[in-house]
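Scrolling down, you'll hit the structures one after another.
First chain A sits with chain B, and in the next complex the same chain sits with chain C.
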Partner chain A sequence: MNATQYWHCFIGIQTREWLRFWQQRTRFASALVRPLLWLVVFAAGFRAVLGISIIPPYETYITYETYIAPGLCGMIILFNSMQGALSMVYDRELGSMRVLLMSPLPRPFLLVTKLLAMGVVSIGQVYVFLLLALLVDVEPPAWGYLAVLPALILTSLMLGALGLLIATWIKQLENFAGVMNFVIFPMFFMSSALYPLWRMNEASPWLYWVCQFNPFTHAVEAIRFSLYLEWNPMAFGITAGVTVVLALLATTGFRPQRTRILGTA
Partner chain B sequence: MKPFLKTTLMASLIGLSAPAFAGLAYVSNEKDNTLSVIDTETHEVVETIEVGKRPRGILLSKDYTRLYICASDDDTVQVLDLATRKIVDTLPSGEDPEQFALHPNNKHLYIANEDDAIVTVVDVTNKDVLAQIDVGIEPEGMAVSPNGKWAVNTSETTSMLHWINTETFKIEKNIVVGQRPRHVEFTNDSRIAWASAEIGGTVHIIDVDSLEQIHEMSFKVPGVNQDRVQPVGIELTSDGKYAFVALGPSNHVAVVDARTYEVLDYLLVGARVWQLDLDKDEKYLYTTNGVSGDVSVIDVEDLKVIKSIKVGRYPWGVVIDPSS
Partner chain C sequence: MTIDASNLSFQYGDKTVLRDVSFSLTPGRFHALLGPNGAGKSTLFGLLTRLLALQAGDILLGGQSLNKQPADAMRRIGVVFQQNALDLDLTVRQNLQYHAALHGLSRHEARQRGDRELERFSLLDRADEPVRQLNGGHRRRVEIARALLHQPSLLLLDEPTVGLDVASRRALNEHVRMLCQQDGLTVLWATHLIEEVREDDRVLILHQGQLLADGAGHAICRTEGTRNLAETFHSLTGAG
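Up next is the complex of A and B:
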């Protein structure tokens, strides 16, 4: 195998993902509706709630909109990754995933490329969201938009790997609703996306610890800090570590023929 | 020595002898009995100075060598020497001084004595009490016009602005404004005065020539209950472009177009924002946030709050020394 072949494969998978995205342009827009509703409607009611404490990386008091914007960036990636997992289950059922995995290139390479391709679409959505957030005065420093990119890539890899891992467990497409209830919502609500953790600690210490152990919290903090040009090694370290573990588990555990075997069993 | 080298050496020596800080802001901490000194370049507290009990109103002498401090619970006005940063003198002030204003002659200090319903005028050079003027109940805010003609006192319970002629020390006119007037600020040309009414939630614009109110404005901070919108401190930019109004427990500073009296924006700062001051170049506006115990820094050009600096408990007044 030489580099050209890898590159061909990489481009092929990216192109396929873009084609899929292009055919589902309305999905791109509709996926933005959810975080925008949170930002414009939900946050409006809590606007002044957070003006009582200064927490890093912010240097002064912030509105609730400003606080939840990084969490909503995480939310976009979270939903997309789970949707990506869904599409992998779908692909597997229809066999196109098997076609992809028939490639002689190593499976981990194929799967990570697939995750990156899904991430590119998510990150595009995050940037559109951040631009729209300017309308409600969420104004991170200009360089923050660039500085946040590594955090966004890392987050999309981590959540994509999680999605992939879930996809290996899901037997049928119908089971996906369960993912919603057991993965997306707990991950999102039990994190620092909507409330700062000190607040959580005041309300309930055990919930605080649940949030601390939720990797999504650290992904959101990595996004938050880098968006405001601050470096948070702990958030990055934990997100990267979890990404590696999930990717290893997912790539070694992915069985394209699972449905068939289970179906015939 | 070559001329070039000489100039360079001279320049570096001058550079070395220049003060270490670009500008200094002084903040009175009501409950800590201290002043916090903030470097306005780095926006960091560089020193804390012990002063008398319950320091509230503070102001600079016109030559920027002394800082006057109302030590309310000591019933005195303290004088801080800015070179040594030591209290060097005290002035008679009457009981419970809270706010005061210095006449442009750098001598006559007008002090509002809340409990006695009087304004005391003290000559700071010889400590003589020149006059005690009866005003309304609970006198609070104090201002002297830049041309030195008028001293204005606000009385909280009477809800009036008392216009005192600085030559005769007599009240020439009373203007009724909103409930609990707190603070008066003059434009540089002494032609317009802005007065805040805390409970009324209003700011009153007074034409000084006719001593008539020409406009009254109120504020609506999005997402904040109206009874928390309580205007207190006011600061005007010298170019006549903006007026900044501290809105107390609403935790916001209103940015007002000083020509059209239109509110342009509300900036989120700390809890119970009280007094304001601009730095020399009018690049930054400092606000004292009493309940949250910090000072917020507003970038005047961008109209953005860039930082909040922890100071002592209950910061009350702030002045930025333009000479430093």
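Up next is the complex of A and C:
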């Protein structure tokens, strides 16, 4: 296979994801309700309780809305990736996974392309969310919207790969409720999405360390720093490293040896 | 293209699903893989399409091992799965273009080939309708058209008539036989319905993971001393 064929395949997978997105646009719009509730209602209630000091990358006191916006960007990607990955492996998309795997191109290429395509749709939602966040005065610098893009792509790849890994290896979690309780909520709450980690450290040092080991924390920090035009090599490095490991593991789940789930009725 | 499967065995855990299955497919012919539900047909298809890994034995396509040259092999195989594998909300043409892209074809090429196939399947006028609006028989035709887009030499169909009414079933079966003649396509048609098989077809009868008969339908009947294939199938498998 030559590079042109890879390119056609890449574009074909992207196009399909966008076409499906367009077909289901009402569902995607309703998926925005969740982060907006957090931003508008939860943040309003908690603003007074928490109070935020000046921490990097912010240069001044910020509102609680401003603090949680990057975490909510992460949350959008987290939900979408898990939902997308589950549907890739179970029921609804099983047929289309088979079609995907019938391609003569290498499976790791197909899966990473598919994850990227799903990620692009999530990222579209993140940008809509960030635009709406302007209404509650979450105003990152204009260039921040561009600078945050690599962090968003990386996060969507990392979480997509994690979702695939979970969907292919852990049978017990085959419904979304299970993933919600055992993956999404723990990852989200044990991270820096809703509270700065120094506060967690004051409350419970061991929880602080759990948060530190949670890759989602670093994805959120990578988003936060780049949105405010600051470079955070540690957050980026950890997110990128975890992405590579998870993607490698996830693609092994689609070797023929492991695809029993795709093989027979 | 020749297809040779030799000594295929497959187990799920402790359960043996295929036992030492060997067969060759003759290029350009229609082959019926006949077996009751649970005979191991889908597992065999899983192996032929690389959705499952070979545990024992080997499959050669045109002399090349499926395991050693997977990309080459996948280029030569078109598959129609038992369950629907179309995006119902996308149009017929969008479905075809997606498949073509997965095989590295450009949009232009995809459109040309897609339209040609759809015309042959009398579906060109419905190319821009969502698949959801098509009836079961037409959806199946779209799936076959899709499987042929990258011009494979082997077409695998895993119980393609499941869920269709008698008339659509017959039409689909006729259609694939015609393709086989027109294009010199090698076809492997899995089914548990004896009425989809003709006496002069190459017939492979699979039961409880074992290949019980392999040959021209009438020759099998002669060997078994039965009057017709239905009787043969019944006496060999207790089904039918």
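Some observations on this one:
Note that in this section the second predicted complex is superposed on the first by the 237 of 265 C-alpha atoms of A that agree within 3 Å, B and C clash if a C-alpha of one lies under 4 Å from a C-alpha of the other, contacts with A are read in each partner's own complex, and residues count from 1 in each chain.
Following the convention adopted for this analysis, a residue touches a chain if its C-beta (ideal position, glycine included) is under 8 Å from a C-beta of that chain, and two chains touch if they have at least 3 such contacts.
For clarity, every value in this text was computed on a predicted model and none was experimentally measured.
A simple residue count on chain A separates chain B from chain C, and the partner touching more is C. Looking at the shared chain after the overlay, A:105 reaches chain C, while chain B stays out of its contact range.
By the touch criterion defined above, A:44 lies against chain B but remains apart from chain C after alignment on the C-alpha atoms of chain A. Judged by the touch definition given at the top, the superposed model places A:63 against chain B, while chain C stays out of reach. When the shared chain is aligned, chain C comes close enough to touch A:12, but chain B does not. In the superposition on chain A, contact is made by A:96 with chain C only, not with chain B.
Per the touch definition, chain A reaches chain B in the complex via residues 44-45, 47-48, 51-52, 54, 59-63, 139.
Of all residues in chain C, only 12, 42-43, 46, 49-54, 70-75, 77, 79, 81-87, 89-90, 94, 97-107 touch chain A in the complex they form. Those residues of chain A that touch chain C in the complex are listed here as 1-2, 4-6, 8-9, 11-13, 15-16, 19-20, 23-24, 94-96, 98-106, 110, 255-257, 259-260, 262-265. Contact residues of chain B toward chain A in the complex are 222-224, 251, 268-271, 292, 294, 296-297, 304-308.
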